[in-house]
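This is the structure I have questions about; it appears just below.
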Amino acid sequence: MKINRVQELWKNHQFAIGGWLSIPSGFSAEIMAHQGWDVLTIDMQHGLVNASEMVSMLTAISTTNVTPFVRVPWLEPGIIMKVLDSGSYGVICPMINTPEDAERFVSYCRYAPQGTRSFGPSRAVLYAGEDYSQQANQTVLTLAMIETQKALDNLDQIVSVERLDAVFVGPSDLGLSLGYVPGNHEEPVLLEAIETILKTAKSHGKKTGIYTLTPEYAKRMIKLGFDYVVISSDARLMVAQAKQVLADFRLQKIK
Amino acid sequence: MKINRVQELWKNHQFAIGGWLSIPSGFSAEIMAHQGWDVLTIDMQHGLVNASEMVSMLTAISTTNVTPFVRVPWLEPGIIMKVLDSGSYGVICPMINTPEDAERFVSYCRYAPQGTRSFGPSRAVLYAGEDYSQQANQTVLTLAMIETQKALDNLDQIVSVERLDAVFVGPSDLGLSLGYVPGNHEEPVLLEAIETILKTAKSHGKKTGIYTLTPEYAKRMIKLGFDYVVISSDARLMVAQAKQVLADFRLQKIK
Amino acid sequence: MKINRVQELWKNHQFAIGGWLSIPSGFSAEIMAHQGWDVLTIDMQHGLVNASEMVSMLTAISTTNVTPFVRVPWLEPGIIMKVLDSGSYGVICPMINTPEDAERFVSYCRYAPQGTRSFGPSRAVLYAGEDYSQQANQTVLTLAMIETQKALDNLDQIVSVERLDAVFVGPSDLGLSLGYVPGNHEEPVLLEAIETILKTAKSHGKKTGIYTLTPEYAKRMIKLGFDYVVISSDARLMVAQAKQVLADFRLQKIK
Amino acid sequence: MKINRVQELWKNHQFAIGGWLSIPSGFSAEIMAHQGWDVLTIDMQHGLVNASEMVSMLTAISTTNVTPFVRVPWLEPGIIMKVLDSGSYGVICPMINTPEDAERFVSYCRYAPQGTRSFGPSRAVLYAGEDYSQQANQTVLTLAMIETQKALDNLDQIVSVERLDAVFVGPSDLGLSLGYVPGNHEEPVLLEAIETILKTAKSHGKKTGIYTLTPEYAKRMIKLGFDYVVISSDARLMVAQAKQVLADFRLQKIK
Amino acid sequence: MKINRVQELWKNHQFAIGGWLSIPSGFSAEIMAHQGWDVLTIDMQHGLVNASEMVSMLTAISTTNVTPFVRVPWLEPGIIMKVLDSGSYGVICPMINTPEDAERFVSYCRYAPQGTRSFGPSRAVLYAGEDYSQQANQTVLTLAMIETQKALDNLDQIVSVERLDAVFVGPSDLGLSLGYVPGNHEEPVLLEAIETILKTAKSHGKKTGIYTLTPEYAKRMIKLGFDYVVISSDARLMVAQAKQVLADFRLQKIK
Amino acid sequence: MKINRVQELWKNHQFAIGGWLSIPSGFSAEIMAHQGWDVLTIDMQHGLVNASEMVSMLTAISTTNVTPFVRVPWLEPGIIMKVLDSGSYGVICPMINTPEDAERFVSYCRYAPQGTRSFGPSRAVLYAGEDYSQQANQTVLTLAMIETQKALDNLDQIVSVERLDAVFVGPSDLGLSLGYVPGNHEEPVLLEAIETILKTAKSHGKKTGIYTLTPEYAKRMIKLGFDYVVISSDARLMVAQAKQVLADFRLQKIK
């Protein structure tokens, strides 16, 4: 089975640098896959990506050696298994708030006897190789999003769930749940919560990831000990650069 | 944030006139948006509209000042949040039969602390403006469909749910549940149930909407006190006029 | 090979009643196919229908016994042959202004030795049957649009082209070319031109069709002698009925 | 209402021969519909087919008299009702493990008073005819997949559920659940389980279906008493023949 | 008819700032439409945008007051008229090398008596308003790309074509035709050719546009006298920012 | 630039084995790409593949080391350059009947100074690498279809066209043009014509390809000296195997 490069980085005590895809286009995904990310996550939750666009985007990423992840819309078995059959090497599941949530999530991602995933890896076997069915349980990563007060309250139990590989922090939702405006990632209470998640996960042998908005913040998170940082998304990159070139142009206009 | 015109009409004690979209096409939606409706509802339940077609149709409606609503397929958080992130200003949820259903529904539509909606209004922020995250909880409307005997039995509790904005009557399903053929909206027992829903909702300060099949019926419902009537759908309009022009043509043939 | 019902009607000296499809949706096409038209024409010229949507719409029409035609965007061989391979039983080609245009058009629609159509009827053979390749030249209809002053000038030669089955009048473009506002189909000069086209075509044994906007006008054209009238389109029907139900509703509002 | 040919075969004590569709294409589905299957099942679980592609494929099958079934991704009401509204004449639901699962499944497929299906058969009424709403409960088939040890444990109760029409065996998942490698369908324990399912279902008057990989195995299952066998899928057929022609070619190369 | 803002800017002796769209997505187009461009051009030539995606993107742009242009794949009447019927307010046509090319191009974009455009502005009338058919000839802009040695040789005659509104310089193709590597826009011979085009066009009262790769170059072109500069494309912006954030991140890594 | 494996095989005096893709699906294309072909050709002429599906299919093939070719619908520059920008490594152009046709074809495929291809290799540069613009003229293959009597008459001149890499025989169209039923590839006159094409091409240093229907015929063509044989298509493979498994099943039924 084709190796999971994120898993390899983690085994070697290295971190993974991630991009994020919210534009529903295989072309856009393929362009992003050539920029130097270790992993690209197709966002089926807040991105406007449907199931067939997700397949096109996974295919586009598969033309390179970037590892493909998908964030699913919700803890719903139909779409989680679809994402896996389509060849995703990691599933990020939003709003894991209890150990029961985490157990259901992990179960949907694993074949019997470890879980309840149904068999039929239609595109996964093309991407991964003929031994996919034997290796998938050990190779495909499960990342549970910790993004509410309730999840913080249940953190110890959540990170104790067997076969959960990692937690992934969504700072906007977490901040919102803690009473702050989404997008502000500097509130001390939020930062403290992030550190707590990191330590608790580590103490149970789980890996840790986080969504950030800038290279600076991403860097800080790596220094804190995170194993996987998302630095930006296709749409966010496009907007940032558009604002900059238009500002540059207007600035020159004045001079 | 761009105002919700239905909300404005309701604040001014006026009613809203609605069209319905079941054909999965942005072009068709844009044509409908130029006909004079206050609100257009994209039907993801019985219409053959998938998530990316829904986005195209919301975009098409957004070229006008018609307010876009979406009826979701079911009380499932994944699609409800997708519809909101895509920029719908109202969500009509089918088969709300218990107060627990209504509470889950409302919770999926509201950001913390009022609910459990996840943050990431990708297209909504384009449509509504930069203050969407602050204003959405107050601006996006939630309409619970009352369409079964069970919902009638639980009506008082359902309409007592806080932050539910309105109930929406589905006469075909309601009639079916009461033992009648769907499409016959004149059964006294059904009409009585409709009046009960209207009064009960009003007595708890909730707004009321109903799906009708003709301007005459819609007019009666407005006279009864409904705040929002759907008069017809894209497909129904096309069929009615096709039947008429073909009948006219054949009639002339005979003479 | 499945018979061409329009051809059958014509053989029996009957006329064909046509609908028109400009909305790019198989669902919408299938609804239209149940309303009673003899023939439905998918409009790839002014309708917003691309090649794969055209296939979906042909398929939808093929669930009924309505005969499928396609109007192609232009006299371009790539798309004309695609439309035929997809299973259209008639091709309406816009802007045939010279006998050379007509000869090229007919040639693209016929296999050797009668023409230059390339062999590969991928979906046509599913729709029509295994003997499609032997029968297609005799069964698929070619309709040349006459819609400019230049075409009128060359009319005798155009309708003399062998294996051209029919002419089809586009009154809006023809009126525009004659100096009138498109949509006004009552100008005496335009009506005279329409009659000239009809007579000239008939005198050369060609069938005649025309696009109209109302059952009344369609009826007049049938009385004049036309063999095929298009009465309305999906979009036009939807708009007409929407305007009517909204007017009815508002009228009742006043009373 | 258009008859359900599988139901007719079963009434006449005949079995049904099935193909399987995992390629998301109306064209591919239409080709398959001309090969001689009694029934074709669109696989929305492990096939890469989304909801609008499913509609295109149902439409393509509807150009022939092959009966269309859909396997849904999971026991989720939104998609089950969508599949029915789109005109499927049978629903195969994966992972029915308890009688409660089976009851929910059947309920989603039946209109009141027999179930909780919501009314709005948008395309189904085009395919089936105007009396669809009255006849659907008696005509549309429900097939529950038995594919885990847990389902075996609950088998008697599952097959006792009223209005469930049939069970459908998924040998790969069932084998996996019993501890074997998926794809190996010859394990005695698995074969024994298959026989148990068959007998238990029959003893409660339920019909039985099974997914197989070869005509030989399918034949054995028919001899065992199965009422419906799936012999192969679009993708599997393509792969098998590709391997064969390439082997033939290379073999000749050597000689 | 809705005004053409580029035309207005030009009437007021101002220049227009353009973005470019090569990613086939309405969502991506809508994001770009919120960044501050005067005009966005959908690239159907080198962008991977088909006709229905073009419509979605035009619709997305139409939710804002940015002016929509389309670059067509080639001087082919079918697609040029499709783009206009879809509501584009400007057409950029590649490889206009002779006055005959320019005359054909302009003719395809104008209704009789000024040209040969066929009537049927299906979406254009929704975007522009009911008087589209009367005003379109005066409002929709035609931009001929000058990008070969041959076009330079014929420049005087090309810019003498009546009703051609502007020339648009493609520096990469022009450079290639002059013997340089595409992307290098600093060759003196190329810069001289650009100035010649500018002056020749101006002397015949035509407006001028140019595709550039940076705000600096765009600024220089404005100073030279260009009326319309394209600064960057969706894909190019995304790539530039991705490279920058990844470099920033790695830089910090080193420190 | 990524090498063109067909070119490499030819340089090494080996032949290339080809599959053919007519089903518009990236998933189907990816499955085919794992079966062992040297080259897969996406058929935009008789296959039902539009431009965005072609991109998805090229992307799917690009996950493997199979070389992607596209057959274009016709000798039309818009689509030929689109196919190249999308990353095709070979273009098969139908109906090349004269040396002028061949020269236009080759010109559309080559950048200046060798041709008139416009610059903008949006996806090609992702697939091939950053030096695509310098290497494409030497790496991308052009194959002219010889499939009419007229082409036979002009054969010497056609194969004399510089930078045309190969001729490709379409036996069905060629047979049709010679007066035979398409699909019968055994007529002596046709076989003679095929040999003539082969010899004439070889004598001018051109490579030769042919579309066949069976491994046996393909083998004969290789023995004759062809450099590239297409053995079968996705749809044809699926149909052949479906017929076989159904026949096997029914055969067993009898016994």
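The letters A, B, C, D, E and F name the chains in turn, as written, and every chain counts its residues from 1.
In this section, a residue touches a chain if its C-beta (ideal position, glycine included) is under 8 Å from a C-beta of that chain, and two chains touch if they have at least 3 such contacts.
Remember, it's a predicted structure, so these values are computed and weren't measured experimentally.
Comparing contact pairs by residue number, the interface of D-F is reproduced by A-E among C-E, B-E or A-E, since over half of the pairs coincide.
Mean C-alpha position of subunit B lies 34 Å from that of subunit D. If you average the CA atoms of subunit B and of subunit C, the two centres end up 38 Å from each other. Among all residues of subunit F, those that touch two or more other chains are 22, 24, 27, 31, 48, 50, 55, 76, 79, 122-123, 235. The set of touching chain pairs reads A-B, A-D, A-E, A-F, B-C, B-D, B-E, C-D, C-E, C-F, D-F, E-F, using the touch definition from the header. By the touch criterion stated above, subunit F contacts subunit C in their complex at residues 22, 24, 43, 45-48, 50, 53, 72-74, 76, 79, 94-95, 147-148, 170, 172-173, 176-177, 179, 181-183, 235.
Touching subunit D in their complex are the following residues of subunit A: 50-52, 55, 76-79, 81-82, 85-86, 111-113, 116, 118-123, 133-134. Subunit C meets subunit B in the complex at residues 17, 19, 22-25, 27-28, 31-32, 35-37, 48, 214-216, 218-219, 222, 231-232, 234-235, 237-246, 248-249, 252-253.
The touching residues of subunit F, counted against subunit A in their complex, run 26-27, 30-31, 34, 55-56, 59-60, 62-63, 122-123, 126-127.
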